[in-house]
C-alpha cells in the first residue's frame, strides 16, 4: 500500500456526507443510549408549583373567611394610658425582652473626675451602646472573617475566603464568647421583668438580680471555656458529618434515609468555587457542563456523573467540605446496579 | 450481534479492566499461609496487569514498564532494611479501586472479601502500597486499621525517615506530581517530597499547581479517556515544561501510565506540534535509578 | 477445484515439509502420489494455520498486501499451470488469525484455521502440532508490536536513560515475583475471546463508537488497507488549541478483517453487517 494512494483515499472520503451518515448511524445505536435513571428532572414551576401554591393559599383564605364569620374576635375597649398605673406594667414581646432589659439595667458604676460625677452604666448609655455594638458586630462579621482568613492562609487568602467553619471544641475562646452572649440575653430578659418576678419570688430583689445579670454570663462563659479546653486536651474531636447525621435523624423511624451527601449539600451556599476549579468544566466550556450545579438540580443526564474524574479539587476548595466525589461514588453504584437488573 | 459481558456499561474502559473483573470472579477458597511471619506486607497492585495491556499498544513504543515499579519498590524496601511479605497477585487480587469508582459494587465486594481474608491469613502488621489508589482503598474503603488492625502506609511514608541516601548520576531537575488519591484524599503531601530531597544532585521545583491545588492527570478509574480529560493532562504537562523540568515524578502508577501515554502519543504524531521534552517516571523508579552503587 | 478444501486436515495427508523462516511448513496432499514437489504441477496444500492450496493459487499477490504481519512471501514454482510463483507462508507462526488474506484471495485458495482448533480436529495432535499451537498464541501478543516498531519514520523517541538505568539496577538482582505470569495468560485468553466473538468477512464492516473512541490512533497503525482515518471534531473548549480526534472507518476499503477491533484498547470498534 503506497502512501500516496492512501492519502488520496483519505482525502476522497473526507466528504462531509459520509461523516454525517456515520454520526447518524452511531446516534441510533440502541446500546449507547443514555440511561433512563439519569433523566429524572426536577419539578417545573409552571404549572405544577404555581397550581399547588394557588390552591393552598385559597384554602387558607377560605379558612379566614370562615373564622371571621362564625368566630367573632373578643375585642374590648381601647387602652387608656391616663387610667392609672397598670400592674403589672405593660411589657414588649418576649423576644424583645432582652433589649428592654438593656434599657432598664443600671449597675450604678460611678466615678468622679475633677469633681464631676460620671455614671457610666446608666440605662441610656448601656442600652444604646450595647445594642449598637451588637448590630455593629453583625455587620462586621464578613469583614472580620475575610481578614482572619487572609491571616490564616496568606497564599490563598486574597483569592479565596477559606473560612472553614469551626466546631466549639476546636475553638473554645469563640465558643465561650458565644455562650456569654446567649446567657446575657437570657439574664437580661429575666431582669427586664423584675417587677413580675418580685410578685412571685419576693426574696429575689432587683439588686440581687442585677448582680446575677452582671456576673452570671461571665461565669457561664468561663465554665464553658474550661470544659471545652479540657475536652480538647483529652483529644476529643468534633462530630463528623456522618455522626451528626445519625444524631439528628436518630429516632425518626419513618423519615426517608437521606444520603449523607444530600445532608451535606444542604450546607452549600453556592459560592461557585467548585465550579471554577473543576478541571473538566474548565475544558468542556462554560455552559456545557456544570457538574456540581447540575447535580444540585438533580438534572444531570449521565454525562456529569461519568465524566467527573473524581480528582477531589472541588472538595479541596469547598468552604463547607462537601464531598462531591462521595456523591459520584454512590450515584455510580446506584446507576450501575440499576442498569444491570 | 450481542456480546455477553459480566457487567453492562457504556463507559469506555480498556481490556485491562475486563482482566480484573475476570480475575475477581474466579473463586479461590483454599487457605494460604506465608512461609514465615512478616511485619510488613508489600502490595504491588495491578501494575503487572497494566503492563500487559499497555505493552500491547503502540503507545508503549516508548519504554514504559509498570512492573518495574513493583520491582523497584521491593528493592527500595530491602535497601531500607525492611523484609516485606510480597502480597503476590497469584494469591491476592486487585484492590478493587477502579471497580468501586466505576460503580461496580458487586465486583468490588468480591475483591474486598477475598483480599480481607488473605490479609487476615497473612498475619502482617503493616501493609504498604506503591500505588496511591490501593493506599486509599485499603485505608478508607476497606478500613483496615479498624477492621483487621493492620496499619496502611504508602511506600513513601514507609521509606520516610529511615536515613536513606541517594545520589543522582547527573544533575537533574525534577517536579513531583501529586496524585489525587494520595494528596487531596489522604492528605499526604510531604513524604514524597522528603524522599526527593534525599536525592543528592536532584533539584526539586514545584509545578504551578501543587499540593492541594494539584491538577489531576485526567483519568480516574480507567474511564473516559476523552478529549476533555486529555486536555487536562496536556495542561498538566505544559506546567512541567513551564517549570523547566527534566523528569516529572508521580506517586501513583496510574498517573505514570496516563502521562506516559500522552507523551508517547505526542511523539508518535509530531506533526501536531505538541511536544514536551521531558520524561514521566514513577518516584520509585527514579529512586532506584539514583541508588548508590555498593562497593 | 474452485476453492480450498475446508476439511483438508482430516481428508489430506502430511506428505512433506518445506523450510519456513523459523519453523518448517507442513505440506498436505490427498496421497503421496499427488505431491510432486516444487517444479512440478502437483503442489497440494501448504501450511496448517495459514493453509494455501498451491494448485489453485494464481499468484494474485493480494494476500501479501493484505497480511498485516507479513506472513507471506513469494516462492518460485516453475512449470505450474496456474502460475509461476506462489505465496508461501514462511512466517506462519506470526499469523494473528485476522483472516484478511482469506477475504482478499480472488480464487479462495486460502484457509485460516485458528491454532487452538488444530489439535481438536479428527487427527490426533502430534508433538509438532502441539508446538505449533503454542507459538501462534504467543504471536498474538507479540506480532503487532513488531509491526509498529518497523515504522520508525513517524516516531521520534529519545530513550529514557533514567528508566534504562532503573532496569539495569533491577536486573542485577533477583527479586521475588509479583504474579505477572498470571496476567499474561489471562490477557491472551481475553484477546482470543474478543476476536472469536466478532464476526468477520466481506459482509461485515467495522464501526467505531464515537463515545468510546479515545482517539489513540492505534487502529490507524494497524489497518492494512488505510481505511481508517482520524477525523477532527471541533470541540467547544476554553483551551482552543485542542481538538477532538475520532476514528472513522471508510466503508469502501474496509475488508472486515477485525484487525482494528483487535487493536482497539477500549473495544470501541465492533463489526456490523453491511446494509
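A, B and C are the chain letters, set down in written order, and residue numbers restart from 1 in every chain.
Please note the rule applied: contacts are C-beta pairs under 8 Å (C-beta built on N, C-alpha and C of every residue); 3 or more make two chains touch, one makes a residue touch a chain.
In this text the structure is predicted, and so the values were computed from the model without any measurement.
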Chain closest to the middle, measuring from C-alpha centroids that were averaged per chain: B
Maximum centroid distance from subunit B, chain identifier (CA atoms): A
Two chains joined by the most C-beta pairs in contact, as defined above: B-C
Where subunit A and subunit C are represented by their mean Cα positions, the distance between them in whole Å: 65
Centroid distance [mean C-alpha coordinates] between subunit B and subunit A, Å: 40
Centroid spacing, where centroids are CA-atom means, of subunit B and subunit C in whole angstrom: 34
Overlap residues in subunit B, where contacts from two or more other chains coincide: 10, 226-228, 231, 235
Sites on subunit A at which at least two other chains make contact: 32, 282-284
Residues of subunit C whose C-beta touches two or more other chains: 211, 237, 239, 242
Touch list for subunit B against partner subunit A, complex: 2, 7-11, 100-106, 180, 184-185, 212-213, 215-216, 218-221, 223-224, 226-229, 231-232, 235
Residues of subunit A that touch subunit B when the two form their complex: 31-32, 277, 279-280, 282-284, 306-313, 315-316, 325, 328-329, 331-337, 339-340
Contact footprint of subunit B on subunit C as seen in their complex: 141, 144-145, 148-149, 154-157, 159-160, 162-167, 169-170, 173, 175-180, 182-184, 186-187, 190-191, 194, 197, 199, 211-218, 221, 235, 237, 239, 242-245, 263, 265-268, 270-272
Residues of subunit B defined as touching subunit C within the complex: 1, 3, 10, 12-15, 18-19, 22-23, 44, 47-49, 51-53, 55-59, 61-63, 65, 67-68, 70-72, 74-75, 86, 88-91, 169, 172, 225-228, 230-231, 234-235, 247, 261, 264-265, 267-270, 279, 281, 285-286, 288-289, 291
